[in-house]
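Shared chain: chain A. Partners: chain B in the first complex, chain C in the second.
Up next, the complex of A and B:
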């Protein structure tokens, strides 16, 4: 049970800045996922937590103890690696107990009991006498997890533990990991480049890019209220459409359309952004963000009122559960997730409706979000309710 | 890649029983013929030595002389008993084992330090170690001879082993192997608080078994075949090694009694220990040097 706090943590490799001053608080018992593209510094951050890298600056505090310069073995953390890192010449049991025996903190009976418990939890009893060579990828990863949990560490650090598994097994192990965390309740920091994994596993998700934290929030908040363009485009698949517009009279004006922004005059907000509470100035350049699933063919919802946009279909991709249309709206490319089994062909012109509650605007230079058409329920509705109650 | 594809194609054709299949035999015959020539080229001198070691005089004047003679037992007995060749073999074995063990110990520590420890100017140190390859032992004979005499080691086993204990080649091979061990395994050990010595004994060495055996064989053969340095630094017959001892089997050359059959019997005996090792450990040896069977 551990709270971990990072203060202005930095790591430089020669002239490359891998982690560029991050502040983060990891709550006791939390499942925190760090996600980002490769080279964003997420693995380095995890290795700094483990003590496998020395920080260039800043500090790491675990339960009030500054561990920035503490040896890895004295931090009481367990790490699970992408390639499992099992000793190939040892059996499953020996792999699990080797580290425990080295630390000398456990008696033989305690080791036996803990291995038994871990084997039961992870269902690996029959793997204990096998060598890694005779195990499948999923089995190896289970044994590696077993090695991590027997030591009852203060925190689990997982570095893309599912990346080497095939897609089906990955989904299964994902659920098992979530279950394991629920039953153990140990603080877990999980690094992945897969945004689906991040969204499904994380109680909170940290999105990183270029060594900086872009946003820390619960998965749904990240998805609904991205703090900036990077998060908006990174989270969600297919990625959010980005259309250059001008703001005029509370309307987003594009070469090919003009969409009124609901509540645009009141205050465009995601309170988290400095710009959020300021009414949108007219004549401002902006990037309008709409997710492909928030756009539909007007024919699909004849009852929906509001503007429609004209788009030319360039490519169609049937995904089974939906039909992904690559379109052009004016000069801008745009993806639309339409209902499956429609007979739309490339070259067709379609009329598109949108969900007015799901519009986002970003600053074209800084990329910061300054408008979400629906206010953040978790922060603002609560605040509003509190105001009314007063 | 192309070869593999062609091979796969040929295999499939062979299974189908295509007329193409006949070509497999032709190709294989060619390969086997080449191999046969190479084997004969390598084995011929050894076969001659073996044949001569069974003759009375060992003088060959024609092909007929290459047939085995009937003096084998007599010759080998004379070499081992009268010339006490067993003594030389024993000295050679002691020298080789000490060199191999010493080399491995020093090289494992050196490679481990180079790969896993943060040593200032580590790469430069490694480069310097490689640089010593440019100065093989024979180049250092004169100062080495002086040094051994000053230390009072001449004519002892120390003189023929210690100068060979450090090996740049072994350090290099082990370094490459250690680098191929995933860093995550090393880091897991670090997180588990496994100490360096325990890490070496229980993780590094077991994971390097194949390479260690392979390198040991090469080093053993190299040590076993030392000739010039023992010839120079050892001057008593009791401490001499087999390769130099062969010369003593020549007998009274001045008297015109160069007994080739005894020399060849000695050579055959000298050949045996490395040959046995090679046969027993051929698998790790091939793995070490990545000579894979196709």
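Up next, the complex of A and C:
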């Protein structure tokens, strides 16, 4: 039973600030994923949690105990590394038991029993007598997981554990990790640069950039209500389209189009930042964000009402399940996820409709979101209404 | 054949190889062959060589003094090799673990290796001289009388220590490279598991470093048999009472003090065979325990 609290945690390497004062509460039994681009400080945060790096400032509290200056071995956490970190000269069994035997906290019977249980949980009984070089990547990572769970730690810390596996195996291991977490219920902090992994595994996801936390939320909330432009563009593939607009009378005005912002007339709104409804000032500049899947060809939905925009197709990318169109709306580049097998060629001009419930506006300077066309609280009802409309 | 021709013609590559071949043949293979031949002759200055067959070897086989020299050499080599590897490993580990000033520690450990053996021997002589030595006072204050000019066992220890001290730098250079090659995540995993420092060295680092350590054991063995001549010559001259008369010094005396070239050649052949056999055994044993990655 472990809750972990980070308070104003900082880590500097000489003049580089890797972690820039983050506050985070990890609740007991939670599967928390930290995601971000390379160098955003996510791995450093994990290593600070493990005690492998000394914090420059701030504190780490586990279950009410300040562990900021506590040795790694006394934190009772287990770490799983990207490169598995198996001792190459030891068999699977010895890899799993080496730490326990060295620490001297366990009797031989207890070790045997725990290895047996872990082997059963992870289905690695036949790997115990093999050395790592005789195992595949997936098998090695299973043994590494076995080594982590056998000590029954207070928390698992996983540093990109699936990154060295091939795509197919990664998806399989992802499901197994989720299953493992369900059965063990141990607090898990998982670091990845892969947003798909973050979305599928995390009960909550922390998005980091430049050593700071950009947003912490459940995966769907993160996707639907990004707190800022960075999160909006980082989460989701292909990334959200960003179009520069001016706000005039509750309408987003671009060189090539003007679309009304639903609910903006009431003078709204920002659920995502948690600072309540804020009137949208007329005449302010903004960046309009629309996800590629929320744009579609007007011909695909003849019954949909509302504005349409004209776009010129630059490149087409057939993805099998959809057709990705790289277009230009006026001067602005824009991606559209259209239905597959459409007969569209580069150079064509297409008419585009959009989902009015899925519009976002960001401040062009700070990047903070100040408008989502669908509010957080009413998201379910509006989504249902939108579904009926389709 | 390689798919890529580096040189324009065979003559060019042959010409480039020639200097190396020439030096090897003139200073290595020809003297070796000549020594092998001389070992069957009675040979010295100012008289004609006389073929004596195996007489020189028979003389060695029946000489108790020579038997003792072989035993001393093997024990000396064992002490030096084990001493060098163990001390170097521990020093390497300390340097590896230290956070600041690594370069300074590394240089101070390596510098004895940069000295010529003769200078090293003289330095050690001043450190441990029975009456003038810097360390003699402190050691005698522990209740040990330093008298290695007369005490054979002490002389053996002093020469072995000097030989170990001189060779540590060479070993540390290779060991620090090998230890730095151990992935950090293994160290970190051990730290998280609460594996103590020495146990980490013995159970994690050393097994992964085995190829390097094996290489160093071979090099150190050759060093102990051949490269320690200067220490024996300058510190003890093989004495007292032949307590430090290792094979390489023994054969030097035979050849260049007594000018019995035939016997000295036979001794060098025996030394070659002894070291060769030891190498073979080392290869057989260490190959089984070496971890070559994968």
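By our rule, the second predicted complex is superposed on the first by the 372 of 390 C-alpha atoms of A that agree within 3 Å, B and C clash if a C-alpha of one lies under 4 Å from a C-alpha of the other, contacts with A are read in each partner's own complex, and residues count from 1 in each chain.
By definition in this document, a residue touches a chain if its C-beta (ideal position, glycine included) is under 8 Å from a C-beta of that chain, and two chains touch if they have at least 3 such contacts.
From a predicted model like this one, the values you see are computed outputs, not experimental measurements.
Asker: Clash or fit: chain B against chain C, after overlaying the two structures on chain A?
Answerer: clash
Asker: Of the two partner chains, chain B (first) and chain C (second), which one does A:98 touch, if any: first, second, both, or neither?
Answerer: A:98 sits against chain B and chain C alike.
Asker: Once the structures are superposed on A, label A:244 by its partner contacts, choosing first (chain B), second (chain C), both or neither.
Answerer: In the superposition, A:244 touches no partner, neither chain B nor chain C.
Asker: I'd like to know which partner A:39 touches here: chain B for first, chain C for second, both or neither.
Answerer: After superposition on chain A, A:39 lies in contact with neither partner.
Asker: Between chain B and chain C, whom does A:72 touch in the aligned arrangement: first, second, both, or neither?
Answerer: A:72 contacts both chain B and chain C.
Asker: Which partner does A:133 reach: the first (chain B), the second (chain C), both, or neither?
Answerer: The answer is second: A:133 touches chain C but not chain B.
Asker: On the A-aligned overlay, A:89 touches which partner chain: chain B = first, chain C = second, or both, or neither?
Answerer: In the superposition, A:89 contacts both chain B and chain C.
Asker: Can you pull the chain A residues that chain B and chain C both touch?
Answerer: 50-52, 72-74, 77-79, 81, 83, 85, 87-89, 98-100, 102-103, 147, 151
Asker: Which of the residues in chain C end up touching chain A in this complex?
Answerer: Residue positions touching the partner: 183, 185-186, 188-196, 199, 203-204, 207-208, 291, 293-294.
Asker: Show me the residue ranges of chain B that touch chain A in the complex, using the header's touch definition.
Answerer: 182, 184-185, 187-195, 198, 202-203, 206-207, 209
Asker: If we count contacts the way the header does, which residues on chain A are in touch with chain C in the complex?
Answerer: On the chain A side, the touching residues are 50-52, 71-74, 77-79, 81, 83, 85, 87-89, 98-100, 102-103, 105, 133, 147, 151.
Asker: Quick one: in the complex, what on chain A touches chain B?
Answerer: Interface residues on chain A, with respect to chain B: 50-52, 72-74, 77-79, 81-83, 85-89, 98-100, 102-103, 147, 151.
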